[in-house]
Each structure stands twice: as structure tokens, then as C-alpha cells.
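The next part holds the structures, each set out as C-alpha cells.
Both complexes shown next keep subunit A, but they swap its partner, so subunit B is in the first and subunit C is in the second.
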Partner chain A sequence: MTTAAIELRGVCKRYPFFALEDVSFRLEPGQIMGFVGANGAGKTTTIRILMALVRQDAGDVELLGCRMPDEQVRAKWDVGFVSEEMKLFGGATLAWHLGFVRSLFPGAWDDRYAARLLQRFHLHPGQRVKGLSRGERVKALMLLALARKPRLLVLDEPTAGLDPVARQELIGELMEILQDEERSILFSSHNTLDVEQISDQITFLDRGRIVDSGDKEVFFDRWRRLSLELPEAVALPDVVGVVDVARSGHTAVVTANAFDDELPAAYQRAGATLRDVQRMTLEEIFVATVMQKRKERGA
Partner chain B sequence: MHSELTISQADSRPMYLQIIEQVRRRVAVGDWGPGQEIPSIRALAASTRVSVITIKRAYFELEHEGVITTRQGRGTFVSENVQLQQDLREQELDQHLAKAADAGRELGLGTKELEQRLREVVRKKEETR
Partner chain C sequence: MTDLTAMTPARRSIVGRLVAKDLYLYRWLITGALVGGVLSLVLSHFSEGDNVSTGPNVGILLFMTTIIAFGIFVAMFGILKERQDKSQLFVLSLPVSPAHYFAAKTWAALLAFLVPWVVLTVGVVALTALSGQPQGPIPFFVVMMTFFLGNFCLLLALVVNTKSELAAIAGVLITNVSVTLFLVQVGRLPGVAEHRLGAAAVWSPAILTVLGVELALILLSLGLAFYLPSRKKDLV
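Right after this comes the complex of A and B.
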């Protein structure tokens, strides 16, 4: 097996009012993973553990084959990290920041790429950081991380606070990076549209636990919403792969997470008429997954 | 290479199907000729801003259908089959006809009546030409 860009095995971290429990997932080189969760689900905590800003209580973390936090110095040469919490020097210009990061990563920094990104993101080297808008600040942080061409990018809510045009510019840049098969990206978001568009892998986190993780295309193939019409006397059978049935009068809406052709057939044999089978958006899939897992855990 | 393919999140069809359809369309109208090189998976992912895995799936199915071929280390090409353009256009026609047949069946029309309707449409088209 090749070295994973990211590998977490059984990671736990306890706080007085929050716990990350048994978090495991793997990101292969050359792929983008969208890390999706509600506010407070534990996305930022997981990312802070990945970046060795917080030490896990238990479990193994590896970035590009380096054990974290012990080998963080080696790992961080090749990992770019962007989070909104990051500080820039308010009084200094963007040009000063470019020079600073360049001096830290002399071999890796790409001047031409930095110049292109400045243009793409409509940023000016002479701008002082404290005069930047929220969106410009995010783009400046992104530029500083991208221009040294790390093999792995870890982005905490990169599109939050960006207007639609800036978001598309950023997404375009991320996709450009992926033209190189050795480079990988993990980004957290609660914007499921961004995740749906560019991710190869998707991981859902809720209340400190992974509730699902896998290949995006498989997610979309598995989930369906069925509309059924049925005579009053007909009882709907229990069907494997169904997570929710909402029945009212002569209609029922069935949500399935393991859809195949056999599934509607089972209802038809029971006397129901199939009116419609619909694919679900990532947002609908995310909400259905979270509700199902919360119900299971509550029971 | 600019692909000129665009995918829409408002489209109810999954993204990989949109890609398949647009590649077939480019070949059907002759913009992408037999043997012509087309964007690699990663290049198309970058230009459409759609995940690599989605493009991979679309290319896999297009290859399976015989529309494109991948030569290891060389790139991805439209199939050399010169009949392909004609075949794809005929497939498109068949899809339209299948829809018409479905609509006819819903209206309770028989095969004879449906044929009559088609003749009628063709006649009207020729008159207005």
C-alpha cells in the first residue's frame, strides 16, 4: 500500500464538554477529501490534532508518512495549513508576508506562481493586512500556503466568508493543484455544494464521531428517495437498506442508503405503486445520515 | 487544452452523466473527430472544476461504450471508429423516438396511430421548408 496523505486510526480527545471518539479515516495521494460536519461537530479539533496543534489522548495520526505530533517538523515542510484563526501582522504589507514565508521555505517557494495567484485573487502586494476585507484575508492566507507548493493542503473552512466569485476562483485553484497526482487536499466545510462539486472522498462528522466516510460517487449511488402510493390497508414491509419511512394517507416517502433495483421491487410486491425515484443532494444525504446515527445512538 | 464542457449543479442529472452526455455531444456534432486527443482526466477535472473521481467514472463508461480510448502514458483519444459520429447521432434519434413512444402509450395511442402522427409531423415540416 502506498503512503497515505493522511491516516487517522482510533483518534480520541476528551474535553470537559466535548469528546472526539475513535476517529479513523484515510486520504490517498492525488485526492480531495471534503470533511463535513455541523458547527461543533469536531472538524476543527480533528484538524488541530492533524496539525499537531493539539495532542490526541489516544490513537495514531500520520501525515505523509510522518507520525504526528512527534515528527511534525518533518511533516510540516510539505503541508500547507490554512485556518481563519491564523494571524497575520496587521501593520505589514502583503509583500512583506510573501517575503517572510519565502525565506522560511526557500527551496519550495515559487515566485511566478505567487505572482499569478496575486493576479487571480485580485490582491496587491502593497496592501496592508489590516486593510484587507475578510475575503481578501482568506485569499491572502491561501496564497501564502499555495505558493510554496506543499504536497498536502489542510484547509479549515476555506470558502467560509467568501463571495460566490471568490469561492469559484479558489475552487478553480484547488482543482489546478490536483493536476499533479501526488498532491492532496483535505478541506472542512459546511457548504455541501462545494464539497459535492470537487471532492473525491467525503467524511461526515457529527458530535465527535465519524458517521460515514467514503468515495463520493458511491455515496450518490447508494442514496435514493422513493415516492410510493398505496392502498390504505397495505402495510409496508421492512426492507433492508431503508433508513426512514414517512407515511401519510395514501402516500409514503422512503429514504434508502443502500439502494438497488430490488428495493423498489420489494414495495411493489407488497402492493405499493412506485411514483418516483429521486437522487439526493449531498446536503440531504448528510442530514439523513446524521439523523439516523443520532437516532441509533439515542436508542 | 480548454474543454468547453460545463456542468451545472441545478441540473437534476448526476455530474458524471452530464459529462458523458457532453462528450458524446462533442463527438456527435463532429467537434471532436475520430482519433483526436481529448483532455486527460485531471485536466478536465481542473477545467470543469469537478472532482477527479467523477470524471474518471464518466471516462470509464465512455470507454466501455467505445466512444473514447485511453492509451497508457499517451493520453485519451476519441475512438478511431469513423462510424462513431453517425452511430451516436442515431442513438440520439432513438432516444427521442423512445420518449415519443412512451408519451404515445400514455395517451393510449397504438403503433399505427403513432406512425400516422410521425408522418404528419414530417409532412408539416416539409411544407414549411
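Right after this comes the complex of A and C.
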């Protein structure tokens, strides 16, 4: 078994009004995982534990084979971390920041790559950081993390608070930059559109628990929304993999998380007419997953 | 306590670079404290004959304010503000442990404070000694400057160890109030009061005892500043 870029096993962290419960997932080298959750779901707490900013109450965390937080210094040589709330030093210029990080990573820092990113991100080295817009600040942080060529990037809501243009610009640039790279990335966001564009693995978090995790394409393949027309007397049968049925008069909308050809056939045999089968967006899948899990937990 | 001698050269170099980073960011503060300290000393040398009768009082007051305010600025803006505005997250994303980070913050703040403190203390003592003026005030001046250093170290230990802005502000208020109490009480001590305006510097047992207590306070504060943060579980 290869060493995972990230591995969490049974991680718990308790606060007075919030608890992270038994969080486990694994990110393989070279994969990009979208870490999706509503505000307050526990994404930032999980990432803080990953980056040894907060110590877990229970469970094991490994970053590039290093146990966290004990081996955090060894791990962080190869990890680039950018968070929405992270700031640079306002009074210093971007050039000073570049020099500072370069001096810490003399072997890994790539000057030409940094220069290319400066150009691509339209950043000016002489500009003081306090004069940067929010989007430029995120790009500057991204540049500082990328130019030292880390094997793992941990991005905590990097697009939060950006206007749609700046967000799309950043995602587009990130996708382009990462196209031919072999970096592993954990990308946390509550914006499913960003995650959908960039990730190949998806993990959903809700109220401190992982509610689903897997390959993005598998998510899209197994989730469907079916529109049915029903004669008055027809009752819909219970079918495995159906998470929600919304019936209104002669129509019903069925949400399924284990779609296959047998599902519409089962309803048709019961007397329903299939009007439409729709693929679902990641946002719809996320909302349906969360609602289903909350219902199961009796919340 | 952080064992800097046990670090590999790479790690030691990172702590060194973090210290250098902070000193670079403090550079204008350090310059300001030096300039403010020197200007206030110049002002304190004016007298009625120069038509600046309030010069000595204003000068000494300005001198003390410069040193105290500089210490507060370094502790509040260098450490507390870095935590509040989350640039701490950027530094902690680099290959440093919390122990290295807080050791670097403490060393940098201490060095930043010591630059004007040493220059002004040594400068005043040397100029007084060489100018032929009465040297009686020298021991009390040294004790006063050491008290300022102790106050700064105490504030540093508090700011490094607390997340609470309120606690830091309370620390600032308490250390500031203590200055007046110190000056009045220590100035009246037998073995101090009678020599303060004398021609020769007298290092009485009372003065040496006060100095000893101050040095113990400095060592204790620095011990807490270096040791306690390495035990923190949650940094944010």
C-alpha cells in the first residue's frame, strides 16, 4: 500500500457546542479531494487538526506518512497550506514575502515558476500586502505555497468571499496550473461549483461527521432525480436506494442515490409513467445526502 | 522549555529566520524608540537658563513613556496582532513547530526591546559618568531601567500565553500602574533615597536587592514565555 497524502482515522475533537466525531478519510497521492460542508460543518476544524494548529482528542492523523502533530515539522516541508482567513504581513511588500519564503526553502523554491505565477496572477512584487484586494491576497498566498513545490496542497475555503469573477479566475488558474502536476490537493469549500470543477474525489461533512466520501464520477453516476406521473390509486413501491419521494397530486419526484436501470422499471411495473430522469449537480447531491443523513439521525 | 541546542541546523536556521523576519518588521518601531529616547534625553538636559524650565521633567517623562510605550507596541502589535489578524497562520504553515514559533516570537521581541534599552541605558550611564555630573542617580536609573525590562518581560510572557485581548490590556494597565508605585516606593527605600542625589554612585545592599528581585522576575517571565506555549494543544 502506498503512503497516503492524507490519512485520518477516527479523529474526534470536542468543543462545548460542537464536536468532530470519528472523522476518517484517505487521500491518495496525485488525487484532488473536494471537502464539502455547510458553514460550521467542521471543515476548518478538520483542516486545523491536519495542519497541527489544533490537537485532536482522539484518532490518528498522518500527512505524507508523518504522524501529526508530533512530526509536523517534517510534514510541513512538503505541504503548502492556504486558508481563507490566513493573512500576510500588511506592512511588507510581496517581494519581501517572496524573499522570506525563498530563504526558508532554498532547495525547493522555483524562481522561474514564481515569476510565471506573478505574471499569471497579475501581481506586482513591489506592492505592499495591505494594498492588495482580497482576490490578490489569496493569489499571493497561493503563489507563496505553490512556488516551493509542495507534494500536498491543503486549501481551506480559498475562494470564500471572492466575487464570482475573481473566484472563477482563481479556480481557472488553479486548474491550469495543476493540470500537469502530481500534487495531492485537499480543497475545502461550501461552494460545490468550485469543488465540482477541480476535484476528482469528494467528501461530504455535516455537523462534524463524514456523511459520504468517494470518487466524483461515481457520485454523479449513482445519483438521479426521476419525475413520475401517477394514476390516483397507484402507491409507489419501496425501492432500495431511494432517499426521498416528493409526491404532489398525480406527480412524484424521486431522488435516488443508487440509480440503475432497474429503478425506473420498478416504478413502471407499479403503474407509474416515467417522465424524466435527470442527472444531479454536486450541490443537489450534497443537499440530498445531508438531508438523508439528518433524517436517519432523527435530527 | 524549547531546547534550541537540540535543533538541527535547518530548524535552528528557521527559528533564526523567523527572528530576523520579526526584527525587520519591528525596524521602524526600534528606530522610533531610539530617536524618541535620545530626543527626550536631550530635552531633559535643558534647564531654566535655557528658558526651558520644564525641560528636565518633560524630558524624563518622555523618556520613560518612550521605553514603556515601545515595550507595549512590541508585545501588542508584534505578537497579539499577528495572532488576531491571522498572519500567525501563514507562519505556522511553514515547517515550524509551535515551540519554535513561540521561541522565535519571544527572542525577536526581547531582542527588539533590548536594542534601544541597552543603547539608552549604557548611553545615559556612560554620559553621566564621563560628564563630571553627580553620579548618585546612576544606581537608581539602572534599577528603574531594569524594572522597565522586567515589566516588558512580564507583559511578553502574558501576551505569548494568552489568547485574550482583555487579559493583555489588563496586563498593560497593571504594569503601567506598577511603574508609579515602583518609582515612589523604591525611591523612598533606606539605602536608596539618601544616595539618589549624591556625588558618587552608591551600590547599596538595598539597590542590589532590588536589582536581584528584578532579575529574578525577568528570568521567571522569560521561563514562562519560552516554556508554557510549547504545551499548548490548540494554537487558534
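Keep this in mind: the second predicted complex is superposed on the first by the 279 of 299 C-alpha atoms of A that agree within 3 Å, B and C clash if a C-alpha of one lies under 4 Å from a C-alpha of the other, contacts with A are read in each partner's own complex, and residues count from 1 in each chain.
Please note the rule applied: a contact is a pair of C-beta atoms (placed from the backbone, for glycine too) under 8 Å apart; a residue touches a chain by one contact, two chains touch by 3 or more.
As the structure is a computational prediction, the values presented were derived from the model and not from experiment.
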Contacts of A:L141 with subunit B and subunit C, given as first, second, both or neither: second
A:R48 touches, of subunit B and subunit C: first, second, both or neither? second
Which of subunit B and subunit C A:G80 touches, first, second, both or neither: second
First (subunit B), second (subunit C), both or neither touched by A:L88: second
Partner, of subunit C and subunit B, that touches more residues belonging to subunit A: C
First (subunit B), second (subunit C), both or neither touched by A:F100: second
Which superposed partner A:A160 touches (first subunit B, second subunit C, both, neither): neither
Interface residues of subunit A shared between complexes with subunit B and subunit C: none
For the subunit A and subunit C complex, residues of the former touching the latter: 48, 51-55, 72-74, 76-77, 79-83, 85-92, 96, 100-101, 103-104, 141, 145
Contacting residues of subunit B [partner subunit A, same complex]: 9, 12, 14-16, 42-43, 45-46, 49-54, 57
Of all residues in subunit A, those that touch subunit B in their complex: 30-32, 168, 171-172, 175-176, 178-179, 181, 193, 196-201, 215-217, 220, 279
Touching residues (chain side subunit C, partner subunit A) in the complex: 11, 14, 17, 21, 24-25, 85-87, 89-90, 92-98, 100, 233-236
